[in-house]
Amino acid sequence: MDDITVLKLKGISKTFHGVRANSDVDFTLKKGEIHALLGENGAGKSTLMNIISGLLQPDKGEIFIHGKRQKIQNPRRAIQLGIGMIHQHFMIVPGFTSLENIILGSEPIKGVTIDFQQARRQIAILSDDCGLSIDPDAVTEDLPVGIQQRVEIFKALYRNAGILILDEPTAVLIPQETDTLFKILRKLVKKNISIIFITHKLQEVMQIADSISVMQQGVIKGVFSPEETDEQALAELMIGREVLLKNDYLPARPGKIVFEVKKLTVMNSRGYEAVSDVSFRVREREIVGIAGVQGNGQAELSESIAGLRKIKSGEITLSGRRMPALNPRKMIENGLAHIPEDRLKHGLVLPFSIADNQILCTYYRRPYVHFFGRNPKAILKNSRKLINRFHIKARGPEEAVQNLSGGNQQKVIISREFSRDSSFLIANQPTRGLDVGSVEYVHKQLIMLRDKGLGVLLISSELDEILSLSDTILVIYRGRVCSIVRKEDATMESIGRIMVRGFE
Amino acid sequence: ENHAGCGEKTKFCIGLVTDVGVIDDKSFNQSSWEGVQQAKAELGAAIKYIETRDAKDYEQNIELFAENNYNVIVTVGFALGEATIRAAKKYQKIHFIGIDQFQGKPVKNLVGLVFREDIAGFKAGALAAMLSKTNIIAAVLATDMVPPVAAFNRGYEAGSRYINPDIKIISTFHPGGLDISFTDPEWGASTAGQAIDQGADVIFSAGGLTGNGGLIETATHKGKYCIGVDTDQWDTVPAARACLVSCAMKRISPSVIKLIKLAYKNQFPEGNYYGEVSLSSFHDFEGKIPQRIKNRLLEIDNNIQSGKIKIPDYE
Amino acid sequence: MITASKAKTDSKDRIFFFLSGILLLSIILYSYWISPLVTVAILTSSLRQSTPLALGALCGLICERSGVMNIGIEGQMLLAAFFGFLVNVWTGSLLLGVISGIAAGMLAGIIFALMTVSMKMDQIICGTIVNLLAAGLTGYFYPTGINATGKLKAYSFPFLSELPLVGPVLFRVSPIVFSTIILVFLVHFLLFFTQWGLRTRAVGEYPRAADTMGINANIVRFYNIIIGGFFAGLAGAFLSLEAVGVFERGMTNGRGFIALAVMIFGKWTPIGAWGAALLFGLALAVQTQLQFDQVLSIPHQFTGMLPYLITIIVLAIFIKRNRPPGSLGVPYEKK
Amino acid sequence: MIATIRSFIIPVGSVIFASLIGGIVLFLSGSDPIEAYAALLKGAFGSMTSITRTLVKATPLMMNGLAVAFAFKAGLFNIGTQGQFIFGAFAASVAGFFIQGVPPVFHIFLALIAGGIAGGVYGAFQGALKAYSGAHEVITGIMCNYIAINITDYLVNHPFRDTSPGNIVARTPLILETSYLPDIEGIPGGFLISLLSAVLVWWVLKHMVLGFEINTVGAGPDAARYSGMRVQRILLITMLISGTLAGLGGALEIQGVEHRFQPGFHTGLGFEGITIALLGRVHPFGIIPASVLIGAMKAGANMMQFSAGVESEIIDIIQALLLFFVTAEVFFKKMIPGMRWQKGEKLSLRAGWGGKV
């Protein structure tokens, strides 16, 4: 590949009232390369990318595109310069169709109306020469994330971007989807599109990247080629300490059954059957993993278990007692702990303080209430304890969680759920979007809980997470449990296949 | 401040307190004020008004004048009745004129200026019935919770039936509360429109701004007649002239002047003073209205005077 | 693809709307057969009384579709009615009156936009400010003793107005009433088939997404508020120059707020809102008719409640949750 | 420290700016601002009676303001306070003249309770519509206002009309002396009660479990459900309390001032509640001064018209300006150097529309 520089950053710095997100960053992207950008949560990767794509303005520093110095005042300018960004939190308008989302901002016009035919034609052409297909008329909010991401890629290609930035694209994908994505990326590279690729997953980096930059606390720690480094080295470089990547924990010593569902059937919000008579049981000191491509009923399953969604038929038993549907409080009081999938929506009250979020499920109990009502002393005391115990990075218990980084936001939830004495835990996508350090941390915590005697139901689309943590693995496909395997006789490939087609 | 020196022999001061609403309401606040203004012209009195914004302020507004030793205080509208009585008892030296305030038991320095709206309404009804070709006439009314409006309506229906027992009278009250029923011209207009569209050809439109809306609407329909209330709305609502045959008038201004003059001469009456009611002149319609109708109205007038015609009175 | 972008209407609602539509239509036809004159009168009156509501709803809708919550419509209408009337009196030209009424509505819109979009002030508060300001200004500067010079009159279309039923109702109408019907469909078309519409809805749902696609959410909001002002202005002009012919203090009498109700009722779609407005107007006209005919001798306070009761019942029993635009009420700040 | 200074600077500065601009308007429209404001102040604070009047006018404003603010906390836009206020007033007046032969203090409370319940039930009705059928509270609120007016108008015109001879008006009989609210040291009892309510509201929201639940539902309904709160029930209770506050306001108005229910005495009070809530930055202790301020303006308006001949609508304009300056911190940020605003300090509600439950 020829060594033409398409993008060059010189001394980029950015601070958010006090928080140094980027300091004096230099960065070079060569034509047709895939350049991976690594770094822990809050390292400043998204910030840097937002600067390139015109969403943020650097405090100082210069940007060169094809050797010409450019000022990128706004996203429109970035688009003109052929920069396309796929954001960590998708920039997709919920109610819109794929088509509407793709053309938004660069609509082909015929007379006064939008020329949808023209748009379709262009998209058809694109999908041919990149070999990815989408249904232009599907409503995006109903699509699985994998496809939503594809829509995002289309958005960039449609504006024929020469530089494509992907911020944690694989955080939400399963291996098969990831492979497809990588195939796509390789095709794009062949078309001389240059790619910046942010991720927390080191093996992916080794697999796809042509060069690797590591970021820590806003500075680039170094640039490597996959040949001259390895995962362990990278991990230590970005976290600044040693990390266990592959952890082989002691096997479980399951006890009696703490949790059981029998013939559970649940409808989704649009009234279709999302979970069809699913039955399984979870024992003490055991982690049961549910593998599956997102949108195969995991959400409905966990919601119904947590008492947040009506069940059509079937029964749920927690620590020996039959549970009524739609009663989260009762579940919690009977020993349910729950790490919800959508941390920002369900897990946290963003404007509230860390302290208040940490008692969200126990606010009505002693010691958090006393005769006169709420007991601030106890609430703060509890919070300080947890902040220390779970190493939450924050100014103090009163800081609003909306000011925390995603990693720390997740820690707040974990600190709340793990500090309650409970007998059963649902962990739904507990490590999504977290950096290796935090991932390791969460995994340790899960194992620790297991060994403390809890039964854990782990729902994740990260297959390796499932494989490394679970003692029993269920594969869910189209709302049905298609296979139950013990850890010993589970392989990545077999499970992956069942996940995507429902059988071996 | 022109109320300085009120209370001295040399100076004669008149104050007016409106009901909730504005002085230039093209209706009774306004014509009361015109009466006071005329008194200024004739007696060289110092005059001033306060618009009430909030029913709680009646008392206070009256006192503002009383405290400054005004000689005559005019309070407009039945709603001020109680406040006026209390003030009258408190300020014995001041003469109070309470418009539309019927006095149950007389107070010596307070006279209630009241009107037989039912009589005025009766004449209006008779006129309407005689003018109507379709034998459908309508009334667009602010509310039935205010005695004068109710009386107008009662008279109107009786009068039209007196002329033509099987005439169709379609009448409506504003559907909303008292707070807006006098100030919703849009409703008055569209309701008048609805009545006209189904064949009504004479519209009696009574009740502040709401009524005015009805008048103006009627004026935009060819060959329809409308009848106004309270004052001669020929002057206050010119936009309605195209249809305004006449108005069921309460002669407020002249009565106010008369009472003020009596006060000036210290011959102030007590109890209730019945102001004159009548139909206004026909203005441009003078020529168009056949003589027999005019005669008939005169005859009705006499019969009412002589008591030959009885109007069903307060329920 | 269009329906997809609208606020979701589940199929139960559609069936309900369809059936009730059929029912209503057959009732109308039947009563027309019984007494054409009265039916026409009622329908004309409904259309007329629905006009300010529909226009107000269009204003609210255009603002809210781009994520700005506007409860200042009442005030915008009032100002428009006021200035429209004044100019009409000064110049003696109704057309100029209407135009300046609209201008006033848009001017109020600009003030509102400056506060909500530029200064990022809370939108409910800004709406309240506009309402207070309008009440204050129109009351304080209320001109005494000036008189109107007529009002906009109905125009009969040749031939068309001779048609049975629809003729007198739709084609013998005054200008603003008629143009409202056209505007409703125009806005609906613009909102769902044009670039402006697509961008407006995108900004309303997820301004950040629009921003990353190079659409300046705040600019879109700014001019949408002004466009909205056009409709509020027209509504005001309707009140003082077409419906009544004079301006009176507080003559909007809460119609700006009912317009909001109508907008939500219509699920933030122009045609839906129009339907809701018509239903409301119909209820108003019918209650008047009930008083006219004295068919049932109940106090008018009860017949007067009809429109409000119907609204609540329809909303509570038949229509499921209405979903407002995603970013409604949140000032958009770049990261 | 800075924070406390700031929390004074904004309101005070706002009042100054608003009156300045108001003064300019007065001047341009050919009247003397100084004279006008002097009259306004005289009318509002000039004498003991005028101070009392100010407080009397502040009372219903405060109650409605509290009602609106309380609902805001749960993300509800209670635009229906007017209807709740009216029902409260009516119920109190009925209790006032119906119940006979009970000792004064007792009677006072019976009437107050009647008013509170009436308003609360009506509020809860709207809350229930919102929570269980998803009917939008802004629509139902507006509609319920009209309905309340019509119903009470009917009731005072027919079943409960004052039948005493000489009365020709639609209104209820006078309530019994035993249910009158007394003045305490010249301070109207109603005002004291509204102060008490403000403190209670503050306590509930800040220190009680219910308050935490309400705030949570307002700030994150989904998280609230997740944590086991019964969101629908909380919405209902919020509207119940909000309505009770408004209804109580009505009762205070009847027992303290009107002493009988007369149609149309309440004009516009409901919407003024919104203004007050916003002016007080949706905080009970902000609402107290806000309502006294506006109360003073209303009390002074007549004097202003009487001795300065100024149309009283000017106070609406000043109110609007006030609201503007209180909300638009930007000004003060620009003016006072070194004043940094933290995130979240900016006043914003975005209550209401969020149709989801």
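Observations, loosely collected:
The letters A, B, C and D name the chains in turn, as written, and every chain counts its residues from 1.
Rule of thumb we're sticking to: contacts are C-beta pairs under 8 Å (C-beta built on N, C-alpha and C of every residue); 3 or more make two chains touch, one makes a residue touch a chain.
These numbers were taken from a predicted model, which means no experiment stands behind them.
For the interfaces A-C and C-D, the C-beta contact count is higher for C-D. Remark: chain A and chain B have CA centroids separated by 75 Å (rounded to whole angstrom).
The mean-CA centres of chain A and chain C are about 44 angstrom from one another, to the nearest whole unit. With centres set at the average Cα position, the gap from chain C to chain D is 29 Å.
A straight line joining the Cα centres of chain B and chain D is 35 Å long.
Multi-chain contact residues of chain C (touching two or more other chains) are listed as 142, 254, 301, 304-305.
Taken residue by residue, chain A touches two or more other chains at no position, since every residue touches fewer. Multi-chain contact residues of chain B, defined as those touching 2 or more other chains: 144, 175-176.
Under the contact rule defined at the top, the touching pairs of chains are A-C, A-D, B-C, B-D, C-D. On the side of chain D, the complex with chain B involves touching residues 53, 56-57, 146, 149-150, 152-153, 156-157, 165-166, 168-170, 257-258, 262-268, 298, 301-303, 305-307, 312. The touching residues of chain B, counted against chain D in their complex, run 1, 20, 48, 50-57, 60-61, 64, 78-79, 81, 102-105, 144-147, 175-179, 314. For chain A in complex with chain D, the touching residues are 306-308, 327-332, 338, 340, 342, 345-352, 356, 360-361, 363-364, 369, 372-374, 400, 403.
Residues of chain C that touch chain B in their complex: 37-38, 40-42, 44-45, 48-49, 52, 142, 144-145, 147-151, 153-154, 239, 243-246, 248-251, 253-255, 284-285, 287-289, 291-293, 300-301, 303-305. Against chain C, in their complex, chain B makes its touches with residues 22-24, 138, 144, 170-176, 180, 183-191, 193-195, 197-199, 209, 212-213, 216-217, 220, 237-239.
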